[in-house]
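The next part holds the structures, each set out as structure tokens.
The same subunit A turns up in both complexes below, where it pairs with subunit B and then with subunit C.
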Partner chain A sequence: MNARKLRVISAAVLCAIFFVGLFAGAVSPYPYAKQFRERPNATPSSLHLLGTDSLGRDLFARLIYGTRVSLLLAPAAALLATLLAGIFGGFAGLAGGWSEKLILAATDLSMALPLLFVLLALRALLPLNISPILSVTITFTMLGLLGWPSSLRVVWAATKNLRNSDFLLLARATGCSRWRVIVRHLLPNLRPVLFAQFWISIPVFVLTEATLSMLGLGVIEPLPSWGNLLRGLEDISAVSANPWRLTPLVLLILVVICFQFILPSQEEIA
Partner chain B sequence: MLVVVCLLGGLLGASLVRFSPGYGVDELELDFRLSRASVEAIRNSRHLNDGLLSYYGHYLVGAVHGDLGSSQWLQRPISSLIKERFPVTARSVLTGVSEAWFVALALAIAGVFFRGLYIDISTTLITGVFIALPAAVVAIFAVYLRAPVSGAIAVVIFPKLFRYLRNLLNHAYSQPYILAARARGISPAKILLRHILPLASPALFALLGVSLAVAFGAAIPIEALCDSPGVGQLAWQAALNRDLPLIMNLTLLVTLITVAANMLANIAQERAL
Partner chain C sequence: MPSPVKTLALSALLALALPVCAQTGGELHFCLHGEPKTFNPILVDDEASENVRYLTGGVLIRLNRQTQELEPALSTSWKISRDRRTITFHLRKGIHFSDGTAFSSEDVAYTMRLLMDPGTHSTTGDSFRSGEGTLQVQTPAPDAVAITFPAPVAGLERLFDQVAILSAHSPKKEMAVLGPFYVAEYKAGSYVLLQKNPNYWKRDAQGHPLPYIDSVRLDIQRNRDIELLRFRRGELQLINRLDAEQFERLQHENPAVTRNAGTGLDAEELWFNQSPAAPLPDYKKAWFATKEFRKAISMAINRADLCRIVYTGYAKPAYGPVSPSNHFWFNAALEDPKYDPQGALRLLAQAGFRLDNDTLKDRAGRPVEFTVVTNSGNAAREKIATMIQQDLSQVGIKVNVVTLDFPSLIERITHTFDYDACVLGLVNTDLDPNSQMNVWLSSSENHQWNPSQKSPATAWEVEIDKLMREQATAPTDKERKAKFDRVQQIAAEQQPFIYLINKDVLVAVSPNVVGAAPVVLEPWGFWNADTLRLGPAPELGVQK
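Coming up: the complex of A and B.
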């Protein structure tokens, strides 16, 4: 009962943040790149709710627009990763034989590669001086394309279990076509697993994007994202002068914790 | 297995380097005093016109002889860069991983044996907040607090480690034979050492390998922001300067270490059983 209440609260908080991000244009008082050159590093006031950054840009506006970038694109990347994991994991579990071995070997290989190193290497392959929009697209596409291995293992194990289950045997014995078996019998049973993997991936991607952008290899200025905004923490004197600069970090922690609460626990998945 | 991973990973790396935009472009070729023939001679001497397989072959032959090629950005042999930088990272990663394991294991054991709501809630809250911190933010706080790099690495891997360990130990502790052992009045220490840890040991060994991989990943932002001259920082600078041979070699090196750690864990696991 208690866990249920917690989950509802977390979902409500996430929805609220998500909608503020979605309608950033309506909520935000200023455009995210607008400079108030006469007021750099301002402390919070009625004009600037969270103050301004060193370039005189309104932090509240940047935070809202950054929320939009991070909270809309991380789920998109998670969807891509889950889709890849679902297709290949499901195929490996169903097909068996050498294709299963091949896919699992590729998964093991990818899991052995440290994600951040591979992200850096891939990022280095692409040109560095690209437009901000392109940098966002590249960052989250890379996350989606590289974030599937652990999900694939889970999907594969679940599919393998289902394949050996009695009801699929019955379905096959009564002459169900292959597609009907997949669409009507397999997918509904895989749905909770896929959903769980999708939800698990989102906070991971949000955090990875933050680290990449803080290293200057993710989303490029002037477009804000949570990682970009956290870069402002590097300047300790500015943070101590205006502690409200920590708001992006607090928001990030809040969101990731909410995601942890709404995740179905292991027992419920099984 | 190790060899296959290396060869495949190397091939992947080599093909990425070989076909990346800007591959083989050299300022030397822009020198108008050089004739077309000399430019061609330079390119041939560096095997720039070779196909992928022959390029990879040259790389492999070099690697066996300890020559990993040279960094485009620093104009230095990669092997000497690694020799210089790797011990720094190895030291902080090993210290960080052992610190995190020590704290996580101690807390998880305490949580299992002194089943108090207080311990449970406080550790859940703390790990919940820690898990939500990006590694780069941990690095910034480490700079603020003048904490060592190894401490920051420990903070990054501790929450993940602790959650896994706690689930593992809780699961082991709830087995019926543990209840039987407790009913017979066997001391908690003996239950832990004789009944719980042996049961959990395969997963513990596997976790050791994984935590090493995570620690090397975390070393990139932490070393970059804490200005610690290790391979993590080198990889970051290589990415910023688009020095592909360097970053490919570093990725291979770290992959090699994590795969080797996982294999050692597997072997230890088989011995233990």
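Coming up: the complex of A and C.
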């Protein structure tokens, strides 16, 4: 199968997943929070396609509603983090001097801070009486605002390489303005790095949200997300007895693979 | 055809032979869930040290964990004065510590003085402190001792179950013990090895010396999953407390190893923040202070579902501060409130609330919405909160569930009071109501719904304060019970705590441990360690 075909299939799969997530209300057989208390931990059946969780909630309904939450908010957080990394990393790599040192010092400091504790402290400051939707938005915004340092380092290194490249020297020597150098020469060459950072960040943020859910910082009940659905995998023996519980993980892997396939390759960019 | 006489004789022979199958000797192997902080019984204040103290310490009076009655141990009898300040013990004669030192009344006097010395900082000693003044101990004879406290002590004799007697003369000090085992070896972070005390005073009905087992190896293992795995491999013979999911799994694999001791003393409960210092809007404070509101919430929660779903059936609905397993102190006269959402709506209507388009509104038309907080990482409590969320949605109440890390939660419920309602558990290790004094007195920090009050905020809290103080000094248990029954009645009427469930005590015991009879009181699975035997090679039938 050639790369083009793979890309089309991946795009189709992603579109289908996004579509189902966006129109979860129409696709889902039940509300995501409805507890069928007479059927907790049910196995897959015609009534419940993926069975039910320990509270009797339909796992298929929760999966597709969770898809909406995770596939809209994790990319948004990844975009925010990549944008911050791109702006500050690019500036540091291009400008050099004291501003580079300052930005890199701030990055190192941010990387040294234990993210989990920073988020814990921030959550403790937030009011309790907020809706689940607002809570999840705040969570992913915090992830985006705090998740840039490692991407920044990569972007900075790439920009620094480009700054010393012959073609940029030539562009500057031919009288290109700084803005033109950035827009026409630097950004197109940084694009693969930024794309890669963006795609990599999505599963990272989905999984970070899963960890945060365990600490009460992520998506709050009864709203589902891939993160809190993945918490069901903590109990290995329960998973081996109920392998359909792996569906959120399979979906996450599928989405990440599809994202990788639709990325333009280095050669194509060149 | 065998004659009836022959059959009877054969049966009798078999019955006699059964105990013989269970051999004496061998090593019982199970886990402590933390590092013991001390082996000094006076200084014990953690569960691991408490377990070691139970297995090694000799006490004057022992609470029989099965019958919940007090039994003579190192003392043959005791007498309490009418003013409940003095207790006089008659001690067993001819008893020796594990190192051979003779036991006498001087050892009791030494232990009690050390226990009550403020410089010792003994948590066990704190239970005896009921007033200012000094302790007096008289030893009129080597087998008699009279201890006089500065003020009356409620449930005095029961407190001696926690006092392991130290030797006044042994060079080994706290390592010389009177219990069934002594600490032979300890490797920090790894294990504690207890060996049979050759001088243990107790004998079985046939006069054989106890304990039957030669040694007990206590591995220090915090990870419950690893503990379960080792049990399934046959490396451990006992798991002292399992959660419902682990128990259910084990039950499916091998029902013979699982033992449900019954409803435990611990409870999970919900309460509303009634602190005047809470930064909540006045209308919310008014809701939470309304008795009908709290009772309606209680009626709208389906406790049976909580037990069945969250604890897979290994819990019982709780309606009061005392578990039905606490035979003496439980007030059986109280009615169990039924799950009744319609009744809850009627009660709410009496208090001025009305249902408008499936949304409950107060007199001023504000929708009733509040947040329940609980600690993150506790799956059972998170599920409880989520189920309460759905139950209350049926009476038009919107509940938000927020889980917080434990320090943040404690900060909110004890200092900032910035929360609406909370789901947490209360651990009860003692049967006596005195152990709940810190919860019921309005001046207490643990009076969770409105802590540290300078004077009781409500008339019913005035009455509870009075009753709790009176029961602590009442001369007889009957009078104490009458007063504490009334406290339970007020708690049921006012619902400051909405009790949800009492968890079952779930234990796993290998079939080769003969005589194990887990109970609802600590130390649950090995309370009768001195009479346990290890049988023939275990036919566990579990995964090897």
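One rule holds in what follows: the second predicted complex is superposed on the first by the 191 of 270 C-alpha atoms of A that agree within 3 Å, B and C clash if a C-alpha of one lies under 4 Å from a C-alpha of the other, contacts with A are read in each partner's own complex, and residues count from 1 in each chain.
One rule holds in what follows: contacts are C-beta pairs under 8 Å (C-beta built on N, C-alpha and C of every residue); 3 or more make two chains touch, one makes a residue touch a chain.
Here the structure is a predicted model, which is why all the values come from computation and not from measurement.
In the overlay built on the shared chain, the residue A:Q35 is in contact with subunit C alone; subunit B does not reach it.
Applying the stated contact rule after C-alpha superposition, one finds that A:R123 touches each of subunit B and subunit C. In the superposition on chain A, contact is made by A:L115 with subunit B only, not with subunit C. In the superposition on chain A, contact of A:E221 is made with subunit C only, not with subunit B.
Of the two partner chains placed around the shared chain by superposition, subunit C is the only one that A:L55 touches, whereas subunit B remains out of contact. For subunit A, the partner that touches more of its residues is B, with subunit B and subunit C as the two candidates. Contacts of A:G21 after superposition: neither subunit B nor subunit C is touched. Under the contact criterion defined above, the residues of subunit A that touch both subunit B in one complex and subunit C in the other are 120, 123-124, 128, 214-217. Those residues of subunit A that touch subunit B in the complex are listed here as 109, 112-118, 120-121, 123-128, 203, 207-208, 210-211, 214-217, 227, 230, 233-234, 236, 249, 252-253, 255-257, 260, 266.
Residues 245, 249, 302, 305, 308-310, 369-371, 373, 375-377, 382-383, 385-387, 389-390, 400-405, 408, 411, 418-420 of subunit C are the ones touching subunit A in the complex.
Contacts from subunit B toward subunit A in the complex involve residues 5, 8-9, 13, 16, 20-21, 128-129, 131-137, 140, 143-144, 167, 213-214, 216-218, 220-221, 224-225, 235-236, 238-240, 242-244, 247-248, 250-251, 254-255, 258-259, 262. Only residues 33, 35, 37, 40, 54-56, 120, 123-124, 128-132, 135, 214-217, 220-222, 235, 237-238 of subunit A touch subunit C when the two sit together in their complex.
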